[in-house]
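Each of the next two complexes has chain A plus one more chain, namely chain B in the first and chain C in the second.
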Partner chain A sequence: MMRLPVALPMAVIASCAVFALALLLPAVVSGYGIRILNLALISAIAVIGLNFAFGYAGLITLAQAGFVGCGAYITAILSTMVGLSPWLSIPIAVVGTGVISLAIGLPILRLKGHYLALATLGFNVSFVIVATNWKSVMGGTDGISSIPPLALPGWPIANDHRYYYVVWFALALTSWCAWRIRVSHLGLAMIAVRDDEIATGAASVGVTRIKLQAFALSAIYAGLAGALFAHMANFVAPDDFALSHSIVYLAMLIIGGEGSIAGSITGSVIVTFMPELMRDLGTAYLIVFGGLMLVILIFLPKGLLSLVNLRLGRAGTLR
Partner chain B sequence: MNAILAVDGLSKSFGGVHAVREVSLAVPRGRIFSVIGPNGAGKTTLINVLTGILASSGGRVHFEDRDLTDAPAHVVASAGMVRTFQNGRLFQRLSVLENVLVGAHHLLPQSIWSAIVGAARSKLDEIRTEARQLLADLGLADDADRLVGALPYGRQRMVEIARALVSRPKLLLLDEPAAGLNSGEVERLRGVLETLRAQGLTLLLVEHNMGLVMRVADRIAVISFGEKIAEGTPAEVRADARVLEAYLGHGYRHADD
Partner chain C sequence: MQQLVQLIVSGVAVGAVYALVGLAFIMVNEATGVVNFATGQMVAIGCFLAVSTSLQLGLPLGPAYLLALAGMVFFGVAFYAVVFRPLQDRPVVTVIIGTVMIGIVIQNAALLTWGSVPFRPRSPFGRQVVDVFGAALSAHALFVIVVAFLMIALLYFFIYGTAIGARMRAVAQDRDAARLMGIGVDRMFVLTWIIAGLLTGAAGILVGPMWFADVNMGDPIALKAFAAIIIGGFSSVPGAIVGGVLVGLAEMLGAAYISSAYKDGLVFLVMILFLLVRPQGIFGERIGQRA
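Let's look at the complex of A and B:
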């Protein structure tokens, strides 16, 4: 067993405890609340993915909602028009999204900083335009409806309370994988690339390859999130994957704490529930949201989770 | 001569500026080969071209019978030619130990799958043990789990050497490792360099600290205005009229008179 710094076992134990307690939530949360919770956890998967590219490798990408859309549409098309079982169409959607990200990543990851941000933004905008206009396959503005729900033999996962366990399991599994990658040489290399690209190359890391891996991981996570979304909502339309959603994913990551898996989840849950908690404010909640964003950027640049890390004594290293 | 690194007519120009002009070197295996020269002579540019940071403008680089001319940086490092940087380039968000582990990247399987469940994990554990030993040897045992930015400058330089050593280099290129070190730290560095040579490692040492170079180098090449003007043992180089001229300027003889 590898040796962990002192604070980390505490973080791991705390994370496991939170996950275990979260299994009890369907018993206490009402119908609408559980739908929002499912959405929050699905977003969390996409944000953990974004954390590879943005939090670790420092790639500013605004394509995350586009990749979520890829996953959602691939599984929607395969499970409606082709008639595949969702258990088959979801993995195909995940792999397919990964392949798309490699095809895009190979040319555009030569770009840096703002230029990369613009190129990924272009992808997201293009995705929505294609989805809106390719009516025969992607259904245009009407989207694709009647997407079948997931089902186990004798236990259809047709309601949100049951679907919660699917989403919980997916989030637990993807968080665990993300943690494994973070503590591996790949995670170290991703963080190194952001800190100093030239020194990373000189330390025997193939910089292009590691950026591509981070980018593809972020897309694969997004693809899974999209596929899970499609089979929960049973309906997908272009608006759900617009550029504004990519910005929201980025906001979730920054509010929770970039570079942190637990932060990714925290940010996703908070940002998803905020409009619900402030429903009385109507659209004025955006002012509160913007204000919160500012406060966090100024006083907690490492996100809300850095408050917990301070208590654990190693600021910025809870991952 | 059994040269581990053979540089043949290597050039690098930036527009009209010839930073390195047809430099040829043969670095003997298992020795400390030093490259010296006045400020701006092109020493760092030379290292940058050798290690794939900059593209060459002409000439060839052969390392252990492999043509590494203009190979990408990570290919050069994986081949066994590993460098440190003049200003110390460490990864500020990583701990000392993690910084060192990055240097072992090419020794590990590269797939994501192997990082999650596969062979990369146990292999990384082995390398982690090795890296801790390496840090202990360099006097950094207690610093392994600290963030690298918390270390004083002299120790940060040692972390960089540890990161290079964990790559299992055959040739270690050090770009001014003594810059900014106090005299005690320079002595410690000298000990490290001599130990590494005794272990059979070849070193290419670019350095300004003449005291250090004259004591540890087996052979010295002198570069001035991008050209090699002299090469030989420390004693030979010290006596070379062109070297004195490059360092002290034209007319120093008259001052003697």
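Let's look at the complex of A and C:
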């Protein structure tokens, strides 16, 4: 059961403080660290999106990396081949990803449970196959390179330290939007669909429409994450959007705490930094990573954030 | 015409392997309710155990295969104890992510053990070719088809023709009722995982000489096996066989006549179409939306 979103001052103050403190990070983090940090925040946007579909509406989707890829490739194609300004191609990428997700979601959201998981998995695998083989537009395995960086008049956002502020702003904005949606009628309806689909339908809430909206929202967030990634890396290739990344996004959400925006961000940051923290392990890293994830799944099914919530007192949830 | 016959035979052979993997997936899902996303990695382990026993230890193929299968029995029991017990009654998604994580662990443990350079396992028939109506057919492909279908027939007999099989079906239908009838439910679970180990192990042993033995071979095989069971019907034994063969044929014929680059895309397109139009598959459960 989802608790009512009583926005307790404690939780709100804590979140704002964390966000404000995060603005100071570029001053203390060195070159490579800030790149990883950017990646973590970009992942967080995709994971907050995934939280709509999975955390709130309970749709098991393994297509998030595919949608991140849609956003990345649309903005990459528009800003290199068509020559649009990134400020224009990013919104188009976000909307385009949303449209693609509607076209896919409309037929497949009739499926449930592992059927939905396998259908979305099929979409993600197909996306990579198309991206790998459609050489003339999507560049094949070489991908698309020399994607232009973002630029403000007189202030090119060419390095990772400057780009951090763009990503920070995007994450702050999308988190706030996600919170507004969470407490809106739509957010409540999504959770109602997850908790009891039949009862929700009986209360004349359009279950299919709500699911579709949750799915599209998650894809829109993914599209934004993908577009931001493309203009940071200046290069996209199919490998970055493989099925394994969809699984990592789900893992981030579950590790942090599903159904929670703060949990989404926490999980993304932790999982993104984990390889860096365990670099000494070399190739054995993924064994430890997988094992650790399994341990968290088994012993902390509500995610790492449930530990913090316990400490803040039961009422102080960031949900 | 000869080329077509060759393609069909190799398609059926690959399809038979997918059918074995699909059956391992279905057996586990039906009996224990676990959606096992590490099935592909179990195939890879089977393949590499055979690599170790036949190539690295230099045993003759017969004992080598038996030893590898014995290894898979242990592996099945270990999987039961380490993965299934703790994840048993968790929500579907926890189980999916959990088994995916185990798959990652297995795959990278295999990478550490056997290295990233692929092996080329021997076939009991070497590169022998059988001449059938003028078409030169790979003896190994025919061997794969025969062994796979023998195994499936044995499994069928075991499930539907023996007392233990009846107990396993009872557990699959209603765990609590089975327990009340005095059936050792946990023992049946162990047995299910052993069967899954044997099926995936056999699939790995058979597929090795057709492809290379690569530590990353698990996921591609598992994805095709998923497609096969969706097409055939999620809980149906004949469905897995027909679905597997269809996927194998679509892969081979699609690569030869349509596009080798998009052959996998073709398989997933058919799978998604089936999910949309006939989610219960060709033979499968009526309740296509069972969660």
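The rule is simple: the second predicted complex is superposed on the first by the 309 of 319 C-alpha atoms of A that agree within 3 Å, B and C clash if a C-alpha of one lies under 4 Å from a C-alpha of the other, contacts with A are read in each partner's own complex, and residues count from 1 in each chain.
The rule is simple: a residue touches a chain if its C-beta (ideal position, glycine included) is under 8 Å from a C-beta of that chain, and two chains touch if they have at least 3 such contacts.
Treat the numbers as computed from the prediction; the structure is a model and nothing was measured.
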_Quick check on the superposition: with chain A as the shared anchor, is it clash or fit for chain B versus chain C?_
fit
*Thinking of the overlay built on chain A, is A:A202 touched by chain B (first), by chain C (second), by both, or by neither?*
first
*asked:* One more residue to check, A:H114. First (chain B), second (chain C), both or neither?
replied: second
*Identify the partner contact of A:I191: answer first if only chain B is touched, second if only chain C is, both if each is, neither if none is.*
first
_A:P156 in the overlay: touching chain B, chain C, both, or neither? Say first, second, both or neither._
neither
_First, second, both or neither for A:C177, with chain B first and chain C second_ = first
*Minimum Cα separation, chain C to chain B, after superposition on A (Å)*: 14
*Residue by residue on chain A, keep only those touching chain B in one complex and chain C in the other, then list them.*
none
_Residue ranges of chain A touching chain C (in the complex, touch as defined)_ = 54, 60, 107-108, 110-115, 117-119, 121-123, 125-126, 129-130, 132-133, 243, 247, 250-251, 254, 283-284, 286-287, 289-291, 293-294, 297-298, 301
*Considering the complex alone, what residue numbers of chain C touch chain A?*
35, 83, 86-87, 90, 92-94, 96-98, 100-105, 107-109, 111-112, 219, 223, 226-227, 230, 234, 261-262, 264-265, 268-269, 271-272, 275-276, 279, 288-291
_Residue ranges of chain B in contact with chain A within the complex_ = 51-53, 72-74, 76-78, 82-83, 85, 89-95, 98-99, 101-106, 108, 110, 112, 115-117, 120-121, 124-125, 128, 145, 163-164, 167
*Can you name the residues of chain A that touch chain B in the complex?*
2-3, 5, 177, 180-181, 184-189, 191-192, 194-196, 198-207, 209, 213, 217, 259, 316
